[in-house]
Structures are given as structure tokens and as C-alpha cells.
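What follows is subunit A paired twice: with subunit B in the first complex and subunit C in the second.
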Partner chain A sequence: MKSINDRSRNIGSFVSQLDDTIIICRCEEITKGEIRQAIHDGMFTVNEIRRYLRAGMGLCQGQTCGKLVKYLIARELGVIPDQLDPATSRSPMRPVEMKVLGNEEVTHV
Partner chain B sequence: MSKHSDVIIIGGGIIGNATAYYLAKKGVSVTVLEASKDIGIGGSSRNGGGVRQSGRDTRELPLAMWGIKNLWPGLSEELGVDVEYTQKGNLRLGKTEAHQKILQGLTDKAVACGLDVRMINGDEIRAINPYLSDEVTCASWCPTDGHANPLTATLGYYKKARELGVRFITEAPCFELRKIKGAIRQVVTPDAIYEADKVLVAAGFDSRKILATVGIDVPMMPLKMECLVTEAEPPMFLQMLGTADADFYGHQSKHGSFVFGGSSGFEHLNKDNGTPISSSIGASCTCRGIIKYFPALVDAKIVRAWAGWLDDCADHVPVISPVEEVPGLYIACAFSGHGFGIAPAVGYNVAEMIADGHSTIDLSALRYDRFKPKQ
Partner chain C sequence: MKRYDLIVVGAGPAGLSAAIEAARCGMKVAVFDENAKPGGQLFKQIHKFFGSKEHQAKIRGYKIGETLLAEADEAGVEVFLNATVAGIYLDKEVLVQIGEAMTHFKADTIIISTGAAENMVTFDGWTLPGVIGAGAAQTMMNLHGIKPGQRVLMLGSGNVGLVVSFQLMQAGCEVVALVDAAPRIGGYGVHAAKIARCGVPFYLSHTITKADGTDCVTGVTIAEFDEHFAPIPGTQKHFDVDTICLAVGLSPMSQLLKMAGCTMVDDPKRGGQVPLVSENGETSIPGLFAAGDVSGIEEASSAMIGGRMSGLAAAAYLGFLSESDKEKRLADLEVALNSLHQGMFAPGSKGKTVAKTDEGIAVSQSLLKKGYLEDTDLERFVHRSNQTDKNSGIHPVIECTQNIPCNPCQDACTKGCIKVGKTITALPQIDDASSCTGCGMCIAACSGQAIFLVDEDYAPGFASITLPYEFLPLPQKGEQGTALSRSGQPLGIAEIIDVRNAKAFDHTPLVTIKVPAGQAMTARFYQPTTQAMEQ
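Entry: the complex of A and B
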């Protein structure tokens, strides 16, 4: 078993850092400190951080902060970033109005 | 690391996490085994967030009513995470006479169970929600229904259970359940064999193949459904919405985004290759449906669409049950797409079932052996 899969592994206690107030996710305004705290709450994957804090769930869908979040998790857990999956990508790649997305002709005969 | 605990829970979704939390509160040692890399990756984080009683089968209605009365109102405080529980009612909408009939039938059954739900007309509907189009002519209205955030509720239970000492292992799919001297004892995963006197299988539709290893079957199939979410919009309404056809549902979240689910009619014929991928027609079809109900949302931008699988039971009602023929084995699965709202109540009652041998709510109508051939 990879050590990262044991969610009770000891990663030490949360120690605040001078730059914890830096905003990592600009769309949802989530700070580095909030993300680090969430990792200590047990959120060990990019998907979990996203669902727990909304980091990467805003207009850009994590295209800006995804990598930063991944590196923060890796550093906090003491693993290399390659061990972590990126957040799941979702369609549409850019925000699309409902009238545009729903605009296709459907002819029922 | 110890491979022994009092209880093993297979499945790190909201049912598994909530049960783990309520068991840990009773001082029971628990290990949760999750097959994937993420906690709450299945239906727990892919659903529309409804916390409702109206429209439910009478067999699961007592659980829904009990949970809404006793657990949901204090859940954010208990878990230390904002689960965004909003109790501002549920409108189940109809446009045709056939819809009216469906809604009336559901309403009559729920009233007989003591639920405050009634039929209302178009004017009354638009007094509650002025954004609905004139096409909507009837609805059932249940003022004590609502919605919550499935993501923070699922991970909130996980966080709190973990704090209480519950052991969570990810990437630990269960290959096999093993009995020793006739009783459940071992859970086999690729990396280790875990042991406990009691095992709860709460693994969504994967429960079926896990249970098959001890000769138990729950008749259910995976059924794909799709959802989408808009960018944050100004606050418009707080009700949970559904339709008589069950083709569309959703709400506006605390964040401001609208979460909607819908179907294109091709879900059961889906080509997914083992991954729940949104189809090319799903989101477009749902958008057309939403615009008919909510013309005001025509310019709202969709930022994300996703799909997930329901564990759709033969009678569309969950299996929550001890398995007497395999002593120590318990099942909580086949929630058929409406498990989130009852999840806290299920976790609480299953924890009682496992630890005390009986539960606050009578769950005998949800037993695993209720399925009989038609003749």
C-alpha cells in the first residue's frame, strides 16, 4: 500500500506560515492557508480539496490554480507531485450560455 | 498498521462515512476501505443535493422525515463544516394533466404518512417562485423539504470520523469477502486482508459484485445520470425543485450557482466504457428543459457538466439490512438516486443496527430478501 492511501498517516500538526494569506484560487478567493488547513483536515487529493473548499471550481475551473494546489498538497504530505492526480477536467472548457449550449435543432417526427 | 477493527465499512461515500462517524461516536473502532483514490467520488459528490421527503416511496419516507427533524438542522455545527442545509421547501412541478395525476398520487401517499405536503396551482407556484414560466400549471409543495451541499456533507462526515480515529484507506478495492466458521470475517484487497467481526457493504453498485462473493445478490444496475452547474448568479430562489416526470431537478446553492440535473432519454443506453462521462447531448438537452421552466436563466453560463451512476434497485428503494445468513454482514446500497437526503439518517440507524442490534427507525421494509419473482 502506498503511504498516501493511509488517511491516518501522521503529517504533523498545522503550522501557520507567513504567506498563508496569499490567494491561490483567484476565482473563488481561496488562500494558501485555507488549502493547507484542509490538507490537515484529511483532504489528500486535488479533487477532495476542490470539493471541500471550492478551490478550482470557479469560472476558470482550476486551469489557473490546479497545479499550485497539487504542489501544496505534495509539499504538505511530503510526497512528489507526480504521485497526485490532477483534478478531473469537465466540459465545457469555457463557460457557455444556456441559450448557446442548448441551441441545436431537434426535430421530432 | 493494524488490520483488525470492530467494523469494516466497504465504501467511502456519504453512507460509509456517516455510518463510520456515528459508530466512532459510540466508541466502536472502524476501518473504511475506499476503492478509488478519492473519498466520496461516486454518487455522494455527483448528486443534486436534494434533502426532501415529498415524492419518496413510503418505505423510505420515515427515514427521510426523521433525518430532517433530528439530524439535518444541526449537522453543520456537529461536523464543523458548512453543509449549507437550506430548508425552504420543495416544489415538484407539472405541466400536463398526466403530471397532475402523478403528483396527486405521490401527495396522497405522503399525507397518509403524516407529511405536510399539498397540491398547489400555477398562481400559488409563482407566488412562491416568481421565476417559473407559465407552462408550469401544478405542483406539489412540501415546505419542510430543502437542499444541502453534497460535497461538504460527504467530506464533513469523513473529516469528523477521521478525527474520532476512524481509519480510512483509499485505493483498497474489495476483491472478496471471506467467512470463517460461517460468519463474516475477512475483507480481501490487493494489498492486505482486513479482519473484523462485522462488515458493512456500502459501495454503491459495486456492492453487487462484492456481495456475490458470499452468495448474496441485490438486484440493481448502474444507471448514468448527468448534472451541470452555472456560474454564480444573484440570489433568486431558495426552494428545491423537481418535476413530475423526474426529468429535471435542481436548486440555487449558497455560492450562487445553480445545480441542475436532467436526462436526455438515452441514459440506459449509455456508452461509458467504465467511466461516467457526460454525453454530447446531455447538457444541451437539460439546458433546453431548464429554459422552458426558467426563461430568466437563458443567459446563465454553464461552467461544468458531469455524470455519475445511480445504483438503481429493482424497486427503486434502497437495501438497508442485516444479512442473517452471513452473520456479521450488513448492507446499505441501491439508493437508486435518492440517497443523499437520507444519508445522515441511514448512517445513524445503520450504526445503531451494527452496534446495538436494533435501530430507531424500523428498516424491515428495506430488507435485502424482499425481492420475489413475479410468479
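Entry: the complex of A and C
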């Protein structure tokens, strides 16, 4: 088990910071403060933050904020970023309109 | 569903090189790229590349891209453009968005060469329009012919930040400052020197604290910071700019590899999440390879070699190439790759401070901190050739003082005046036994624009200096402007006595200025009078 999944870890209480209003995920407009608060709510992985706040689920699919979110979690948990798993990658890896995604060209050979 | 022997995702230098090698072995190859133009990063790179002849040194990036494309075409590679690979599944099946449809393709081997994406940093105002990635700036300028802004501040002094700063100036933008959080300039000294002699200041151990503006960027504040990364009060500097360019590193776009189930590692030295690969790019899944920036941020030159290696490995995997032929050809490529991985900027030297060159000469601290050689550095590095042409006193002065993998200057001089030797990272030396004709080929071939021709005895009391000048409009013979020092300080009047723009110079015009003899070793750039008046 990775130490990051140790839910009994005490990370202290949330203390607001001066730059908490800075936007981290620009696609979904999620701020640094919201992400830090979420970590204190118990979201210890990039995937959990994604599901909880939608950070990294917008148009760029976390291309811009993925690393930033990871670093925020690492700092809050007091671990090095490499220890954290990145978000799951799954198809489609680029945003696709539903009408295109549904328009699968099926040719049988 | 269409089937291929090999599917390559990404038509950058790595992907195209892989496809070419595989197709030449007889494989049926498809390459998918989400861009409208193939070539990946190469198509925005208008500068001359480093390396040696076999690495396509002194050739401009986009030209290398064009050559790769022609080779791919000739080898029978099918290149699909505007084709985004959205997913990868078991048994080497990929899902590709082409136009308004999703199409499945299948292959027996897959090479992922999707390159990298730019990193961002956050500061107050970083989401304002006008804050852009350096790569984005390059795309706007060099692919679409659009100026990203008028006045630009660049954050990041690695090669990307340095190269893009120079290109911004070429496009007619004013670069007000280069800022980096590190205490030293990260990229090649020769790239930094090109910018410093245009008068651009470097601010190291500084970072952006705030971008001003309500609807778009109107200014930026930077500050020096202490060891706790807190801004030091009183060090704030403000610049009026409309654009802030970020060149703070790249991250591999390795999502497809992760999706495929490859064993991944987080390796900060390689840029982030990368697949675990063998030296030929084979991942933990047999038949699935990774090449180029996606498996570790490097350069186009190494991406091409890595691509070729994985192309050959894929061919051998399917039996299109015998094991013994594979080994032989891979060994050659490894030698080429190793020659790139030497010197001060080798992947293994990242983050280390280098005090001396391989030759044992103390490196210029000024070059690392301010972007230019100090007069006191010249003694150690700049070697005055004794033997000059009988009819004129012209001789080359080479201001290339770091061990970088580069040697086109040596090949350029047919007179044998310049020697780099077998190790391409060695510092170029001037051979006293040969005499210089002043042909200028070395200046034009130098990717770092670090060679000058100097004639101390041009006329009584005057010296002539020939320098590379990749700016428009080209000065005219007889015109007078200002001579600038290595740090971009005005030294006095310079008269243009010659402008050469031969085809062999490949768009690096050579401008010769006449300056007082005392400035022979200090004047290194020319500023037209109109430009000086505008500022």
C-alpha cells in the first residue's frame, strides 16, 4: 500500500493562505483554496480531487493543471510529488463531441 | 477495421523517423497526427540546429521536418493528418477521431511518439489573456505569422525560453526581460549571448509575482526571492508588457501509454510520467514502443535517433529484420545518441554546477548569470589566430565557451581554420596553421551565432567586424548606426561596410561594420538608427 493511501495520516487543519483565490484549473475554474480544502476533506489522490471538484475534467483534460494539482496535494500531505499517482487515463483522451463519439465507423473485416 | 504492421501515434521527429525505418524494412505503416501539418515541434523551429552533420546540425528545424516527410513518403508510409488518437485498447487496437467519425485501426506493433505539453506556473493574474506558453508564441509567429504581442516578458531561461525570445525579437516584438527562478541561465550560453547583445536583461533568482490587467495583461511585476521562496521586499520591478511568455518546462504526454497498461514511472529528470522502456524504446508490453519526448524530454536530434531505434526494434519484433541486422544497426545509432549525451548539458548533468570545461578552463560566470562574456573571460577562451590571410588581417573569433554537442563550424571551414575534433562537445579551436579567407561560411553555419570575423587593421584607426544578422530590414552598405557591446550597451557609431546574403548562408545574412580599432573585441552587434530612436 502506498503511504498516500494512509487515511489515518494527520495533516492538520485547513489554514487559509493569501493566494487561495488563484485559479488552478482554468477550464473548470477551481481555485487553490478549493483544492486545499478538498484535501483536508480527505481527498488524498489526484483522482479523488477530480471527482470531488472536477479539477482536470474540463476541455484540456488536466493537461494544464494536472501537475499543479499534484504538487498542491503533495505539499499539503507533506510528501514528494513522485509518490502520488497521476489521474487515470482513459479514452477518449481528448474532448470529443458526443455526436462524434457515437458516430463510430464500423466496418467488418 | 483497417490493419497495419505498425501504427505510429504522432508525426513529430520521433514518429516520422520510426515510421521511415520500419517502412524501409518492408512494414506497412500508418502514422496518425492530430495536427493539420506533420512534423510536430519541428515545423515551428526556424532556427539552425545543434549537433553534428549526422544529427542534421546547422539545418533549420522546419527543413529537417520537410526532409523527414519526403523520406516517409518515399518509404510508403501512410500519414493521416487531423487524426486524433483518442484511445488505445488490448491487442494493439486504436480509436482515431478523423473528421466527424471515430474509426478503429489495428496493428501488430505500435509506437507512441506523442511528444510533450508545456508546463504552467501560477501567479496572481496568470489566467489573463496575454499569458501564453512559449511554444504557443512560437506557433503563432512561425506557423501562422501572427505577432503574439508588442512587449513581452519571458519566464524561463532554458533553451526554449532563449530560442523563443530571440524569435520574438525577429518577429518585431520587444523582449523587456528574461526571468528565471534558478540562479543560473539554464540554456546554452551561445543562445543567451544572442539575446544579451540586443540589450535584453536577465533577472535570475526572480519570479513573477503578479500580472496586471483586468481584461488582458497590461503589466507584470517580478521580484527576487529568498531561500523560502518568499519575495524579498524592495526587489520588485515592474514592466509594462502586453504579453507574458512561460517557458517553464515540458511534460510528456504519456496518457496513451498509461491507458495501454504500460508500467509507468514518475521521473522528474525525464519530465514527469514516463513509461519504463528498454534502450530501444520497448515498454513493458511486448510490441508497444515509446520514442521521443513522450519517454523523456530531450531534443529533436535525440528524438530522431530514438525513433529510428524503436522503428528497427518493431521491425525485428515482427521478423521484418533479422536479429543480427537489428543489433548492428542499433549499435551505430547508439554511438550517435551517445555523442549527443555528452558535455555540460547532458541529461546526466542536469542540475549540477559545472565549474570547468572539459578542457579545464574555468567557465564564465558572467555568461551564466548575465548572458554574456565579460572582457576578463576573453583571455581564457578567445584565441587570437596569429596567422591571418596575407592580404588582409581577417580572422575568426569564436565565442563558444561551453561543452555543447555541436560542430558545424568545423565542417564549414574548408580552409581548416576551425577544429572541434572527434568529441563534438569539445570547444572549437582556431588552427593557427591555416589561413582565413574571410569567406564567412563559419559564421553562417554556427547555430549559436557565436562566430565573428575581426580585422583589427581594416583602416588606420578602424577595425571591421563581420557578424550574423538575422533581422529585417537588412542594413544597407554605407548606412550608419550604433555598435552594441556583448551586453547590448551602445559603444558609438558603426558604419555598415558590407552586407552579404549568399544562398549558402541559408538566410543568415552577414553584416560587416566599421568601428574604432579599440572596439574590435567589444562591439558584437549593430543597431540601426531608426530602432534606437524608437526606444
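Throughout what follows, the second predicted complex is superposed on the first by the 98 of 109 C-alpha atoms of A that agree within 3 Å, B and C clash if a C-alpha of one lies under 4 Å from a C-alpha of the other, contacts with A are read in each partner's own complex, and residues count from 1 in each chain.
Just so we're on the same page, a contact is a pair of C-beta atoms (placed from the backbone, for glycine too) under 8 Å apart; a residue touches a chain by one contact, two chains touch by 3 or more.
Keep in mind that this is a model prediction, so the values were computed, not measured.
Trainee: Under the superposition described at the top, does placing subunit B and subunit C together on subunit A give a clash or a fit?
Mentor: fit
Trainee: For A:Leu68, select first, second, both or neither according to whether it touches subunit B, subunit C, the two together, or no partner.
Mentor: Only subunit C is touched by A:Leu68; subunit B is not.
Trainee: Is A:Arg51 in contact with subunit B, with subunit C, with both, or with neither (first, second, both, neither)?
Mentor: Only subunit B; A:Arg51 stays clear of subunit C.
Trainee: According to the stated criteria, A:Leu59 is in contact with first (subunit B), second (subunit C), both, or neither; which is it?
Mentor: First partner only, subunit B.
Trainee: Regarding the shared-chain residue A:Glu104, is it in contact with subunit B (first), subunit C (second), both, or neither?
Mentor: A:Glu104 contacts both subunit B and subunit C.
Trainee: Identify the partner contact of A:Asp41: answer first if only subunit B is touched, second if only subunit C is, both if each is, neither if none is.
Mentor: Touch status of A:Asp41: first partner only.
Trainee: Does the superposition put A:Arg90 against subunit B (first), subunit C (second), both, or neither?
Mentor: In the superposition, A:Arg90 touches subunit B and subunit C alike.
Trainee: Quick one: is A:Asp6 in contact with subunit B, with subunit C, with both, or with neither? Answer first, second, both or neither.
Mentor: first
Trainee: Could you state the shortest Cα distance, in Å, between subunit B and subunit C after the structures are superposed?
Mentor: Result, nearest C-alpha distance in the overlay: 6 Å.
Trainee: On subunit A, what residues does subunit B touch that subunit C touches as well?
Mentor: On subunit A, the residues that contact subunit B in one structure and subunit C in the other are 88, 90-92, 96, 99, 101, 103-104.
Trainee: Could you list, by residue number, the parts of subunit A that touch subunit B in their complex?
Mentor: Counting only subunit A, the residues touching subunit B are 1-2, 5-8, 41-45, 47-48, 51-52, 54, 57-59, 61, 85, 88, 90-92, 95-99, 101-104, 106.
Trainee: In the complex, go through subunit C and note every residue touching subunit A.
Mentor: 1-3, 34, 84-89, 95, 97, 100-104, 117, 119-120, 122-124, 126-127, 251, 253, 255-256, 258-259, 266-268, 272-273
Trainee: Going by the contact rule at the top, pick out the subunit A residues touching subunit C in the complex.
Mentor: Within the complex, subunit A contacts subunit C at residues 19, 22-24, 26, 32, 63-68, 81-83, 86, 88-94, 96, 99-101, 103-105, 107-109.
Trainee: Which residues of subunit B touch subunit A once you look at their complex with the stated criterion?
Mentor: Subunit B reaches subunit A through residues 1, 37-41, 45, 81, 151-152, 154-155, 158-159, 162, 165, 167-172, 191-192, 230-231, 255, 278, 283-288, 290-291, 297-306.
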